[in-house]
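Below is one structure; the comments refer to it alone.
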């Protein structure tokens, strides 16, 4: 800890938020790198290549994977850009940064994710090319989601250059972690409770711990919402909530797999809403509801049902998961977030520990239990093979062993999240990234041309009044 | 009327909006009840069960009902949560309540609707279980829409506990009414003009009549919009308007049925926009447009074409329906809503009488006429059987008789709406639900932690100015 | 130029924005005309007619074109109404006009487009009827997009009656232009770089040139954004950005065509975001980002990849197009828009020259080059025939010649845009349309009942302070 502390001090120099050279340089150089790497590696797969007309044989055009997955892809896309983006507009003077930087890092991350995930998963060894179709693009959105979750912990305290670095490393770590979990350990994780949420949550929390700002209360006047910024954030909340069933079913198996993943997620989310409202009212003076809980905790059910979404979790099982998650997540906002800030030096702006990290971990556990309890009777033999992919080298796998693999996968996600976050956090402490000083945090003025509002007139009026009083 | 009056007075005690015990208790207890009932009754249907892999035989995965209906389901879902939710953010200080309570009651309602509608419609008598798939979830959203419409009349005047009670009874009434109309009377109502809008509209108006507040003008300073709350409401309007074709086609027949329902709704809505703008300008001083009309009346065409959407209404028929509805609905806002409030003791915050009740009734009439006019020539024999479901016990039905059944169904919707609303309104007058006093109506402060805005500084400034004047 | 100038002066009389007669008259009369024309001409096509049940033979219901295109249609629909609508809410006091008039003219335009495009493209010569299905409705939305682009240049400076006239002529011109480009010249333009964006962009710019207001700086205090109006505009930006892949793939060929068009558009847009952020930061003092660039230039990549979207552009080719477009469009906002206003008398409120006109032209060029470079090796023979529709009278066409045709089509789009805009602009200068005076521009007060906000209190406070100072 002492070493970390001295490293921290070494990095704390005078802050300069001018990113006129660094941001353009990083954006342009990295985009040129993307073009070169795409030129060398990325090609259309057989379902998006013009040869499809000849190679589809007796398939109908409607059986192109595009028609199975494109509606879900678009829903996921809305979650990434509008859902995450608007959820982060809740601060009174950081709406531009919330939705704008979310846009920037997601647009970069999906390109890098296509490459990283492609090298691990879609490489055609016959010609050394990555062949991409709609499923790769869904996976790229998933990968970026991990980095956007991490952004939630750091909202208002970092520069866009730092966010691009966070995304570069985050996507890389994600692709390795995903490969280990899905391909090597052979765990199933259709909705990414472990791969996306546990990893992304702890990745962000570890970075936030490394970037701890002891005097952040200097900008606390901006660390709250205002009436309309809370309404904007509800746009994010609702699009996340409505489309989460598409998120968890987007890459599930054709037919019953997607159908069931949607049902489980829908029900879990519905139950979460009720317990979130209940707990929010219970822990406030006069029973008033807190928008922070409604905006965030209502979504925890979707996270926690991610791994088990395509399993035969049963409808009431989904409700139980959602019920518990609403309670857990709201309690997290009331008790755990202040504790983490005070005693653990983890400042978590959006409360991702309550919305992603904890529910993701819970989702991994639920997935392991549900997998271990699977049986031929419940799934049918063919259903079991389809759902858990008991094929090829894993054709002798049994559900109980699968449950153990799921638990192992959860540990891998945790290790990558915390370990990766500490390493990347160390890099982000270097005093070259243009991050804001404590009293510039949560303020769009640092990185944006902000229009003069009527609201800005008010301090002048107060000033005038003050002057008048003096004059009188 | 005297009895009703004295009952009203009995119920009017001092108001206390503290719901710290009642809201959590209702949410938690009801959600536990849902879990138990789902455990006993709800199971996956054959298209969402893992046995699908074995039982689908020579069907392609793409012929799973999921792929026919999921895109429409998601559109409907957006209408319920973002459409209805944001349409109700138009009040200057009730945006949290508009979008937040909409969220709460919809999330509860869809669970209860799955049970209620399941008992009537999807019960598998071989094992006593309700088997659910994507169509059940669309129907659950439809059912909840009825209750959300009713909320529109009561917006700003009731507590969340009252809304949950309204939803519990509303869903129950809806399920019975729907069963009578669809199964017993064998009426067709793909877009729910009768089942959803007529029922929901009169249900809400009857409750509002029972909860009449003679001194509501005490809070009238809050009973208007502000610039940005009107823009937020346009988000709701547009998502409702754009996705209404999905609403009316979501449970229509596969193939031409869904295709035609979308076309009819789209055209009706387009025509409504033009007559709404025309009438809005005509009835304002200086020809200025009124946002209330644009936000609401533009949607009436979608309501009125609901029943006939899957019939061969013809494209120009749809335009005519939309044309009339824009006129009717805008005139409703100009003349009928003030009349209802002044002379009928019905206070209708969102004007649901003009957007849902009247157009829904009109839609039922249009449906009856269109059904009665159907013929083999226009539909083809197989088309007629498919569209009107002239099968099994109804295989000898003829279009003219079907028209009569449609008219009968409309009466059932009316009776359930008005009768149910009076009964539920009586329950909601009991002085135990934490509803706000007249001068707390339309104010989020009653149930929400509201952030201090710069705007709240303004009254202080005025106060200071006042003080200064005195001092001077 | 002298003639144009004197015509301009002739038309500049005292302005009266009272549209209480003209707007209702135009809306009602035109809607009645629509009903009559629809009654005479428009019928369901075979996939939306009840005869489908008999005529589909051994097609599965899922092979109805509805299921290929409806999800894309809905995405396009969202772009037209929410995307374009909210993108135009960025002005501080013109959000009602931005989203409201967009709604009005789109709702009228789609009806007129169904007729105009139907007469040219879907007329069944056996019975003289236009047979419509989902593809016609996508094309109607496309057609309207051209007029909404033109509205972007005129935002805040015209009356709704002028906008309806602009739409009437715009749709007519579009339908003729599209027929020449697609049917006669046999160019391909799936995403409409030429047909929609080049035409719409120059159409709007030419009208704006005709309606030049030399003293517009009188209303310049309103010609900017405020904090929350910029956040509202981001809703428009993001829905356009996310759904642009659906826009460009909506009417592409079934199977690989739609799949590939989505991939190319997605990648181009992702690259554009990075170069837009880079250039925006580079050209501002202190490297601060400008919301105008983020809201608009990030979308240029989708425009420029429109024509070539369904070709084998390759993934890295798409990135290169997007990269260049982000640079070009942002430079346009920094240098070209002020130049056009100062030296060319073109006032372009939303900067459509940078977002639509230039990128659309570039897209036409990219399309011509990509088409000319096509080969059997890359596409397969059947793929080439499918992609470029080398059938019937064009069965002997070769890619190099097709490239020439594409270039010719681009010229047609330019000529129709500029020529049509000058003609329509002359009509719109007539002093009968109720357009606002210079100092009423960019102000919703001219055409809308605007609620009294707390914000409106501020000037009064200032006024009071002023009074007090005098008193003292």
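Going in written order, the chains are labelled A, B and C, and every chain counts its residues from 1.
In this text, a contact is a pair of C-beta atoms (placed from the backbone, for glycine too) under 8 Å apart; a residue touches a chain by one contact, two chains touch by 3 or more.
Values in this document were obtained by computation on a predicted structure and should not be read as measured data.
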Taking only the C-alpha atoms, how many degrees of rotation bring chain B onto chain C, rounded to the nearest 5? 120
Do chain A and chain B, two copies of one chain sequence, contact each other through the same residue numbers, with over half in common, or through different ones? different
Approximate Å spacing (C-alpha centroids) for the pair chain A, chain B: 33
Where chain A touches two or more other chains at once, by residue number: 60, 62, 67, 71, 228, 235, 455, 458, 461, 465, 468, 472
Across the complex, what residues on chain A touch chain C? 17-21, 23-25, 27-28, 30-32, 34-36, 38-39, 42-44, 47-54, 56, 60-62, 64-67, 70-71, 74, 77-78, 81-82, 85-86, 89, 93, 95-96, 99-100, 103-104, 107-108, 110-111, 132-134, 137, 160, 228, 232, 235, 447-455, 457-458, 461, 464-465, 468, 471-472
Complex interface listing, chain B residues touching chain C: 60, 62-63, 67-68, 71-72, 75, 92, 224-228, 230-231, 234-235, 238-239, 241-243, 246, 254-256, 258-260, 262-263, 266-267, 269-271, 273-275, 277-279, 281-282, 284, 286-291, 294, 298, 312, 314-316, 319-320, 323, 378-384, 386-387, 455, 458, 461-462, 465, 468-469, 472
